[in-house]
Amino acid sequence: MSSGNFHPVSGVDLPRFAGIATFMRLPHIGLDDPRLAEVEIGLIGVPWDGGTTNRPGPRHAPRQLRDYSSMVRFQNGATKVKPYDLARCADLGDVGINPADVQDSLSRITAFYDRVKAAGIMPLTAGGDHLSSLPILRSLARDKPLGMVHFDSHTDLFHSYFGGFKYTHGTPFRRAIEEGLLDPKRVCMIGIRGPAYDFEDRDFADSVGIRVIPIEEFHARGVADVMAEAREIAGSDETYVSYDIDFIDPAFAPGTGTPEIGGPNSFQALEVVRGLRGLNIVGADLVEVSPPFDMNGTTAFLGITVMFELLCVLAECRANKVQGA
Amino acid sequence: MSSGNFHPVSGVDLPRFAGIATFMRLPHIGLDDPRLAEVEIGLIGVPWDGGTTNRPGPRHAPRQLRDYSSMVRFQNGATKVKPYDLARCADLGDVGINPADVQDSLSRITAFYDRVKAAGIMPLTAGGDHLSSLPILRSLARDKPLGMVHFDSHTDLFHSYFGGFKYTHGTPFRRAIEEGLLDPKRVCMIGIRGPAYDFEDRDFADSVGIRVIPIEEFHARGVADVMAEAREIAGSDETYVSYDIDFIDPAFAPGTGTPEIGGPNSFQALEVVRGLRGLNIVGADLVEVSPPFDMNGTTAFLGITVMFELLCVLAECRANKVQGA
Amino acid sequence: MSSGNFHPVSGVDLPRFAGIATFMRLPHIGLDDPRLAEVEIGLIGVPWDGGTTNRPGPRHAPRQLRDYSSMVRFQNGATKVKPYDLARCADLGDVGINPADVQDSLSRITAFYDRVKAAGIMPLTAGGDHLSSLPILRSLARDKPLGMVHFDSHTDLFHSYFGGFKYTHGTPFRRAIEEGLLDPKRVCMIGIRGPAYDFEDRDFADSVGIRVIPIEEFHARGVADVMAEAREIAGSDETYVSYDIDFIDPAFAPGTGTPEIGGPNSFQALEVVRGLRGLNIVGADLVEVSPPFDMNGTTAFLGITVMFELLCVLAECRANKVQGA
Amino acid sequence: MSSGNFHPVSGVDLPRFAGIATFMRLPHIGLDDPRLAEVEIGLIGVPWDGGTTNRPGPRHAPRQLRDYSSMVRFQNGATKVKPYDLARCADLGDVGINPADVQDSLSRITAFYDRVKAAGIMPLTAGGDHLSSLPILRSLARDKPLGMVHFDSHTDLFHSYFGGFKYTHGTPFRRAIEEGLLDPKRVCMIGIRGPAYDFEDRDFADSVGIRVIPIEEFHARGVADVMAEAREIAGSDETYVSYDIDFIDPAFAPGTGTPEIGGPNSFQALEVVRGLRGLNIVGADLVEVSPPFDMNGTTAFLGITVMFELLCVLAECRANKVQGA
Amino acid sequence: MSSGNFHPVSGVDLPRFAGIATFMRLPHIGLDDPRLAEVEIGLIGVPWDGGTTNRPGPRHAPRQLRDYSSMVRFQNGATKVKPYDLARCADLGDVGINPADVQDSLSRITAFYDRVKAAGIMPLTAGGDHLSSLPILRSLARDKPLGMVHFDSHTDLFHSYFGGFKYTHGTPFRRAIEEGLLDPKRVCMIGIRGPAYDFEDRDFADSVGIRVIPIEEFHARGVADVMAEAREIAGSDETYVSYDIDFIDPAFAPGTGTPEIGGPNSFQALEVVRGLRGLNIVGADLVEVSPPFDMNGTTAFLGITVMFELLCVLAECRANKVQGA
Amino acid sequence: MSSGNFHPVSGVDLPRFAGIATFMRLPHIGLDDPRLAEVEIGLIGVPWDGGTTNRPGPRHAPRQLRDYSSMVRFQNGATKVKPYDLARCADLGDVGINPADVQDSLSRITAFYDRVKAAGIMPLTAGGDHLSSLPILRSLARDKPLGMVHFDSHTDLFHSYFGGFKYTHGTPFRRAIEEGLLDPKRVCMIGIRGPAYDFEDRDFADSVGIRVIPIEEFHARGVADVMAEAREIAGSDETYVSYDIDFIDPAFAPGTGTPEIGGPNSFQALEVVRGLRGLNIVGADLVEVSPPFDMNGTTAFLGITVMFELLCVLAECRANKVQGA
């Protein structure tokens, strides 16, 4: 249960353009803050694009997402969920990454999430490029592999780039599988599309049992049917959700580094998250928002709305666990 | 019937980027112009955002909508309606509002529309924020309450903001109901969505009998079915149409102050207006276009195309009345 | 069959933002290059907007499309076609048009395509405004009229502008019919919409037997059904494909001079091209991209993705012919 | 002397963002309007870029300049001149050019200015690209050659482009000299700079006696000294003023097709116009503003402020002549 | 003296794009925070544009200025002042204004500053439009009138707008004089320029003894000379500094509502602040930054750099007073 | 001496917006091209921002600079130098860097320049962030330390970032001094300014004898005087020129990652390069252009104009050496 101290400021009291921008206008509670022990869901920024092979920018996403989060109110208009009544939420700030060293940054991110995990907090992350998900999984999945529902236009399952370089935003889930952080049989990737260099990633997915739902299948079957399958694949065990903004069509989300034509529209973008209700989710991320390529904040506003939908699902999970415990 | 004097300039004669920008390239006929008596439908700008609680800008909308109206030709490609053959249309100019005083502006707007009404002209308004609709209704509905079809992502039925402040763009229809300007049983609100502070507005709607169709229902039922219900609700009596550009998804209409994710696409945005045919419409508005947040005029062009569709419906109404009379 | 010399540079080897921008990162082979004889499909820019009656800019399209083509990889994710394995492709550079003289430019374009045709190369053109298609057809259809599948929001069948001026981007196919370059019975125009000055173009289409599928019909029937009819109309004889970017809704393709509200989405924009498979295509163009009105390259990226889909279809045709021969 | 009918609307009465945009918020008086006979100075748009060899856009300048002219008030803050008290000014609308035919457009422009001249009106023109100046001079200088003060980064004295094509925005004053419209001994060109293809234009200038003041000399001598020389060159006879916005440095005026680095700043841009006081000016133009390349209207606002300074100088000339007569 | 708790986060430790954005990366200390008693200089946002008569937007300035303040480091490169070593500085957050009621907002602002003043904190304000200065002065000058150095392109001394409306961003200092908040003999206004409706403001200035230095005089005399006079006018008594971003030329500061051509460049914009050293300053503001009109943050970054220069001057004053006390 | 094969395409022959974009429209000659042996000056792109600690983007600079280089003609308008008549120039393409590994990229850059040096070609580089200069110097200064004239707002002499990380764009010249690549007594840094974390860099400069000219001194003394000193410091021995675009004021060059207010204007930006004439220059770079932060290409156009000025100086050096040899 949430208390007043963990409730966003209302735009009816203070205009939405006013005040210091935290995620969802929640209180900022750093890792050293004594109130940390009370937090149940932590919104965390990973201002990093060290794994980006194409157009940069996600290092700027956490700040822009915070700014646009002032536009998001408290209660889910579709599901009626009131996340701040279900769980104590806070903005835990940004991970202090090193923009000029990939391995150092990976370590710093994992260390941050280790502390979050130790505090019993469910993390909802604003990336960062998709390589950010790897060090998060290294923390969350340390004990046993997780299932994953992954919304994206790319599998991010490639082996390497630029002559064997293994850590880019095109490789995190290949590494995660190799490192035993994900149970491939419980992984479902939705929305995959676009011209490819080759299908080495898809062959790998097939070989380990990852279910890939390409966009043509998504459009043919519809959200409800696809998400029913996704829930079945993930099952009742612990599951991570990774949401790449380039899952959505570039007309709705132009501000990203490697867009692909022909994706879902914005209504579907929210519906798929609602389709996660009932899963046993332990954390989620929204990655690859790139403000420098995002004129008038369209992408940031869509991204933070997706994060709000994720937060509603996480809050239900949290409340259920607390109640169940 | 229209005469040549009330016909737009053709882009085949004069390029569309040329000339002084009036609405639809129609003649500008001010309220003191002797030709006013001939006008049947008046396009009016309300360059005002005094009721805006979030991002400003609609004060600039009438001018930008006039600019983009040069791109709109004469005949409806879908319905084949030729509005300028059905009614004498003119640009009546902008209401001279006071940007620094809300109550003074409300009075000035009502006074302007009183003159328009006295001249027997049907008004088609380019707002302005949504508070603009209130002073217009005070003029149009002075004698008896109107029905209303309302396209929006918000109900604009809230009681007050900022500690009891009652006049903002989130409250016009609460006031209109209180003032007896609308018959709530004949009001239908379509497209409502987005996270909410609370559901005080929805409770009010329920208590007075306003029909609210949320976006999930809209997407599930489709335009034809929804609009059939809307026509039934409005009935055959006099009806106003209020169209907030944020009804449409922000990918199609980013230039607005309070966008909400997951709305209709642009084809649906036009289709709903065509679904108004047959109603007894006495006036209409298109509000909340905010040019400062509208890169490359996407929103303005969509907005003025919606206005053209509204104009086609108004012209049919007018012609029917004239013929019926 | 393609050789390594005609293969794009891979972004896994060289980052996609690096290197001199040619179409699809293919080798640049000018008309005087000895390797020209080996080329089977030539990508050609026509940097021209001399026929534009409204907002200018397509003169800048070939360069911007080349820039964004770095984002497109090698294999079609949906159809699995590998165009560079099927045909030897190259960037043939731009036609050297004269921006200040329409007739001189028309002659220069035809002369360029005559050389391309003489070399036995199938042209895939990046316009340019839609008047570009006329001089291309004058070369390709010199011997006998072609069929055409035409994606657009306008028919471009008007007689003249500005008091009898016959050569604008609104008239190319009227001229092409008059000059015997197209067989009207084998022409299908898809996506037509928007307010019109009059329906003189549509009357002409009817009178010569061109099939026009307006957008309302397109949305009602769906891509598969419409494209089946289009294939039937074009038949098995030689066919040209002309794709105006304003076929697509302006939310997806804002960067164009004369947008029209209510068009297909980006997924449909690709699907219609896939629906051309099996036709006997001799050339194709993508026209009316206008970079000055295209914030953040959204339109260019969609445009070059459409060109890649067109290239896949052309490559299949080419491979079939070579195999058949 | 001006009457109230020819006075701009005040922003203290009606907000500056309101109302239909005419030049300086002056009344719109078309060539067929009976009030034309009263007008002393006419502001005219030439929405044309048919002579542009590089980036297009000036066809959109008159409309954008009208929009920004709402920001300009009535009295010159520096010189204290009140132009609307000195002369009756009006917006005469735009010339109806033909965007797809250069020669036709040249004829239409000259015909328009012939009517303006016949009405005894001094024209202040908002171009259009610089080729616009040629047809204006053909009207104004029909009887005898004029002197000219020309602010620009280019001489626009080239012979031809693209293999002998003689009518582009790089050639108007070569043609004007050839046609006897300008007296080269009374022509002064200020601000010339930038890398050149060759110096054929400069050799021509030298051969006919045109004085060219390059930017290095301008910066070294300062505005006062340069303008003293310019006034001496133009002398007391009738003089035209042509002001290309690319005279000014691109940081101040980015919205133009062929910018050149290293020009005057905005204060100097105004000061040079004030340095024209005392000359016998018969007309002036401000050309080459290109809205599609002008983010946030910076260039348009600077351009219209330059036009206001030109208007102040023209109004003084007019008042002096009337007084002198 | 400052302690570590009041020092900004360093970009060498945490990248500048990371973390929650507060002014200068200082700690956020609200008015109810127990640490308030330790603060010596408070940075405060007034997110308000209720007095704006032209283009809106300053309500968004505090947030954007906070964002760009991450780019500003700790020590003044020119004067070598280290403000955070001289005084304990903090971000006090934003005043909770009412965007839809001018008088209510004026009261709220004054109430906020009364608390700041009561805590013995020197305020450095990020406006807000220029009307913001009035309620601040009502607090700071409650006991006796202040001197003022005012950088602006407008005097903001007008009597009223829109038929007698007295509270707009064009009137604050007329009101302040009337209310006895400023000693007109100790007020100096620098940079005044631009076309005017009339000179009623200037006549008022003359009548009460305010010294107005127009831009022509500023450019002729140079910064050092002008600032020497300004210091003499303000004298040794308590003085306020009000800096309107439109003092600076629009090429450097396009993001403002009422720009005027021909202002100082960015180096002069900083130099004038350094020219305030030695004055007895009790507070300062930077107003009229309008993010919606500020592409790529140019204006915000210049604005926050001006604020840093103001902070350096305030910190010296504070340290001197503490030392002197 | 140059031959026709190494001459840019003229915009009088082919419009400037046409054709594949190479630097200055020169031929593209890769390192494996047999014509490499003929090249005297090579224009090279380093599409890299791996050392960027703040806002990213320079990886995109080479492509955008090539695009804008079409706007630059052949002959220097100020100095009358014709670089393509003095030396055979070519576009050597981009270095194939690894965006996700700093050390690997450093090696790849040095290897590329080793081949250029071995071919006897003077390199003119388009970065890339400023760390790019280090691997270039490792090649050019392998045999003996070079002098350097360095235009910048930062010294780039810092020791390390983020807890000891030594390779960022803030450290290249510290490393270059440590590695013996630069002779500090022959190094002059011009334009240094902005708030600082500390003055560790300046202390280092003093300790090794680097001459730093801060912006205040630059503005006070003027270009001619400063450049005379710079030439004296560099002397007659071999010298490198490094030009960071953030040397120039952000109003002129907004598109860069770490701008600093108060820099030189664009005319001074060119003049300082002309002040290098007579030096014995062996290579030059222009770095830190960041296209994602560069609306309408203002910065790219200024950057490529600076590169043209550098090219003119390099061509004179080359011609002198050839002549001298």
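The chains carry the letters A, B, C, D, E and F, assigned in the order they are written, with residues numbered from 1 in each.
Everything below uses one rule, namely that contacts are C-beta pairs under 8 Å (C-beta built on N, C-alpha and C of every residue); 3 or more make two chains touch, one makes a residue touch a chain.
Quick caveat, the model's predicted, so the values are computed rather than measured.
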Using the touch definition from the top, what's the fewest steps needed to get from subunit A to subunit E?
1
Self-contact between copies subunit A and subunit C, residue sets same or different by half
different
Where centres are the averaged C-alpha coordinates, which chain has the largest centre distance to subunit E?
C
Interface copy of E-F among A-E, B-D or A-B, judged by whether over half of the contact pairs recur:
A-B
Taking each chain's centre as the mean position of its Cα atoms, how many Å separate subunit C from subunit F?
40
Touching at least 2 other chains, the residues of subunit F are 13, 15, 17, 53, 55, 59-60, 98-99, 161-163, 251, 265, 293, 295
Full enumeration of touching chain pairs
A-B, A-C, A-E, A-F, B-C, B-D, B-E, C-D, C-F, D-E, D-F, E-F
Parts of subunit C lying in touch with subunit D, wherever the complex brings them together:
49-53, 55-57, 59-60, 98-102, 104, 161-163, 165, 167-168, 292-293
Partner subunit F, residues of subunit E touching it in the complex:
10-13, 15-17, 71-78, 251-252, 265-267, 269-270, 295-296, 298, 301-302, 305, 308
Help me check something: in the complex, which residues belonging to subunit A touch subunit E?
13-15, 17-22, 28, 45, 47, 59-60, 62-63, 66-67, 91, 93-99
List the residues on subunit A that touch subunit C in their complex, please.
53-55, 158, 161-163, 192-199, 214-216, 219, 249-251, 254-255, 258-259, 261-263, 265, 293-295
